[in-house]
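The two complexes that follow have chain A in common; it is paired with chain B in the first and with chain C in the second.
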Partner chain A sequence: MQEVIKKYVIKEYVEDDTEVTNDTPLISGGIVDSFSMVSLKRFLENKYQISIPDDKATPEAFDSVNKICMLVKEYLK
Partner chain B sequence: MSNIKSYHERIENFDWKIAEKELDYEPGNVINIGWYCSDRICQMGKADKPGLIWEGSTGVEKRYTYNDIRINSNTIAQFLKDLGINPEDRVCLFLDKIPELYIGFLGILKMGAIAQPLFSAFGDESLFIRLDNAQTTAIITQKKHAPKVRKIMDKMPYLKHLIIVDADPGKPLADREVAFDLAKAGKVDHFDIYPTTAESPSVLHYTSGTTGQPKGVKHVHYSLISQYLTAKWVLDLQDDDIYWCTADPGWVTGTSYGIIGAFSNGVTQCVLDAGFSADNWYRFIQKHRITMWYSAPTAIRSLMKAGEEVIKKYDLSSLRHLASVGEPLNSEAVIWSERVFGKPFLDTYWQTETGSIMISNYPGMKIKPGSMGKPFPGITATVIHPETYEPFNETGKIGLIAIRPGWPAMMRTYWKNEETYRKKFQNGWYLPGDRSSIDNEGYFWFVGRDDDVINTGGHLVSPFEVESALLEHLAVAESAVVAKPDFVNMEVVKAFVTLKPGFIASKDLDLDIMNFVRKKLSPLAMPQEIEFIDTLPKTRSGKIMRRILHAKEWGEEIGDTSTLEND
Partner chain C sequence: MAFTRKTRGIYSEILSGLLETGLFKQERYIHSSQAADIEVEFPAGAALKKVINICANNYLGMSSHPEVVKAAHAGLDSHGYGMSSVRFICGTQDIHRTLEQMVTNFLGTEDTILFPSCMDANAGVFEAVLTKDDVMISDRLVHASIIDGIRLCSAMHDTFKHSDMEHLEEKLQLHNDKRLKMVITDGVFSMDGDTAKLDKMVELCEKYDALLFVDDSHSSGFIGKTGRGTHELFGVVGKIDIITTTFGKGLGGASGGCVSGRKELVEMCRQKARPYLFSNTIAPPVVAGVIKVLEILSASTDRRDKLEKNTEFWRKGLIDAGLIIKAGDTPIVPVMLFNAKLAQDVSRDLYEEGIYAIGFFFPVVPQGAARIRTQISAGHELHHLEKALNAFKKVGKKYNILGKSKQEIIEMYGM
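Then we have the complex of A and B:
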């Protein structure tokens, strides 16, 4: 899951050769802005066939690939 | 005591000469914003005072005294001059909120060129439209944003230089590209400031309208007079303030009050170049002991959403004065801030074209939560009838906000679009395109836009631009874009889309279209929701009836549908 999400983030949100690890701050690091979070959430919902409530899709919960994985796993159960 | 002291007394005795006198400016003399924001502050004995404290997303901090700002802006000015940039050439700042943006802005103005700041999240299409309209000579950017420019370089023969402020040493650059490292550049202690005068062009900011392409709003160096005084009286900037304007200088608040208002008043300002998180913002206030905080309703509502527990983790007692801009500040947000910070956010109303605050709440004046406040001294504003363009005689009537032209920061024209500029005036009034009412105590109450422009998070998005981008997607046959209500951003973009034969609506297609618009235009313009429909409501002449879709989103009456096709 981490690799899939990381690959997607790099493909969609990184313009140059900035390195993205599983712990790279995505929101606070300015890689994904708050408006783009909506498309990232939509990707996760489509990919994993889940529904993430809006109040759980916070900048903190989306701030790294690892944090996103934790969030997704919560709704995969 | 606040700088404005008594609003009513200021109204009685107002003259813009107050600002001219404080700035030692005499009509006809040289007036250069770059000089006023750096050299002059040094000459006032504040050369060693911190002017800019910058913090990046990784926590790295950079500090610049006013003397550093003076020398570094000289250095950039000299670099641009040596490159062959001429006065009044357009130099685009396509940067994140890094020090080069703030200092580069002053450097461009010092050498007489026009600063054209553009939001660094713009996609290549948004970028090209604005650069092409301005026939931009040079772009200052970072290596992370350079690929977007390179994509469109071939279409811009007029673009002579792509200046990269953090290019990798040793990595070859393409034709027209040049590296410039501010930290390593030879410092220029003395630069002959270009002798701009009151009407010399200074800044070109782009703003969106309902129809047509974005318009380049041309400002002049004399705008300083309004920006200095409104920053002093409304934002109440005082000598010992630590000021934080959260706006990005890719938009007008970030230049008028994130650069010009702050530096011309000689305060210490802090900049946080990191994505939003409530924890990080409160930590920033605590760390730098921020006293004056100028932010936006979207941010305030995001902080409200984050809850109050997080606030208790930080010492925010340094906060002295709070203000807001970008979209109407709802009364709940004002009441909330008073409860949690002990101070209300004071709403301020203005726009790219006005260049400075027009209507506002002021320190010491009674606050009516949810109200825009009252006109700034020297500003004649009222509400007029939308058809006769005459002011209402009674209070409480909803009409168009109208402002008597003539304040210093008023835009001078739309770049290469004089016709649209002229349409902004009716019966001797400038019309910002917003509706409001005035109560019996003279307070303005915002009602909404008078057009289809979408105000999302305080930024205007043109439905026309988004619709045009949507039509470039392989699957899209037709589209209509409207505002959809949103708690945090007030409005977000919603698109209604019909598909070409052979394409079937799906969640993956929905995401593909969203990302397509995001990359082409910007994240702000990306539809947050796409609704696939069979046909769009149209008039018999084939014009899409956006207002029907808008009414549906807002739960409003659809109104007259007599011209609707197939009704």
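Then we have the complex of A and C:
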């Protein structure tokens, strides 16, 4: 799951050679702006057939690949 | 009176921070009318200096056009100074509706509504026509006023990479379940001077049943064979659902803006757009001036043709001089310097040479993409452009950047 999400983040948001690891801060690090979280949320919902409530899709919860994985796993249960 | 020493200190610290980081904006006082030749007081208190202006949005040289000034005078005499009311109470005159109809004809749309500015048009339009059941998909480099409008709207918002049509299509597929989808772009992007691929965007919008929104502020009056805008350039007149534009650039340079497009969407703005509902509209003398501008531009393409020739001359001159410019064919011609301090130094030295052009750097443009944005006008004569080119060559030589690649300039001055 980490690799799938990381690959999506890089393809979607990184337009130069910025390195993204599983712990790289995405929102607070300025890689993903708060507007663009929408597409990330929709990607996760479609990919994993889950529904993430809007109040759970916070900048904090989306701030790294690892944190996103934790969020997704919570709704996969 | 609660503006205590503590409160003052908070703001002083913020303003000092702007000064220290080079982000503090200083106005330069122009003592003449807006034109190719202007007289500038800078810094405040300094003697007036005659300079050539190559950073105005005065693309068609209409800001001080004698016929436009005369028409504004006549409008002032016949319709007064102001309306003291919003449009729907008692703030609409016959000339406001005349101007709306003229803009509709000029742009080839169904209807038009005036706004106090294009900033207001962009701030109000999305909220007026979309709801939380809809999605807005915008180019990542759209103008700040569009971003503000998007923020005020409850519809979902997503972005696509700048001018990347494959990415846009992916987003249209991703959001295909939404009630309404609106694709949002500038016609000409103000910082880079490049043009949106409107032909492809229309195709995609038709394929995925999406609305298309274009801010043509840096296009109206001169892009396309008869100056109607980017939709004319790409052969898609009548296929753009919403065009917003300004009367503060090519179309006169004073103020005001509009939403023009499908009549139902325009009517939604008339009923619901807050900057329309809660602000006076364009003042009568300005309305009269814009009407004259549209009459002049509808009667002849001389001005946009001259602008096209001036732009070709300017772009070729800069390239021949060995400077790096952003590719394109619009009158927005960014001279790339990459380093913020270099951009500021070059701007200062150009001013000493009698050329008024401003440096842009982060956060207005991306880090490492600092530049001097030059803007060409039909009001420029050949001698203006030759003098400006000579100044660029002289200053470029001083900083040893002529004929140098991006990499070489970055090695010398850093990002």
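Operating definition for what follows: the second predicted complex is superposed on the first by the 77 of 77 C-alpha atoms of A that agree within 3 Å, B and C clash if a C-alpha of one lies under 4 Å from a C-alpha of the other, contacts with A are read in each partner's own complex, and residues count from 1 in each chain.
The criterion applied here is as follows: a contact is a pair of C-beta atoms (placed from the backbone, for glycine too) under 8 Å apart; a residue touches a chain by one contact, two chains touch by 3 or more.
Not measured: the values here are computed from a predicted model.
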| item | value |
| --- | --- |
| Touching partner for A:P59 - first (chain B), second (chain C), both, neither | first |
| Which partner, chain B or chain C, touches more chain A residues | B |
| First (chain B), second (chain C), both or neither touched by A:D23 | neither |
| Which of chain B and chain C A:E74 touches, first, second, both or neither | neither |
| Touching partner for A:V32 - first (chain B), second (chain C), both, neither | first |
| Residues of chain A that lie at the interface with chain B and also at the interface with chain C | 15, 33, 35-36, 38-39, 42-43, 46 |
| Touching residues on chain B, where the partner in the complex is chain A | 57-58, 96, 121, 143-148, 273-277, 279-280, 302, 305-306, 456-457, 507-508, 510-511, 514-515, 518, 523-524, 526, 528 |
| Of all residues in chain C, those that touch chain A in their complex | 150, 156-159, 161, 171, 174-175 |
| Chain A residues touching chain B - in the complex, by the definition given at the top | 12, 15-16, 18, 25-36, 38-39, 42-43, 45-46, 55, 58-60, 63 |
| Touching residues (chain side chain A, partner chain C) in the complex | 15, 33, 35-36, 38-39, 42-43, 46 |
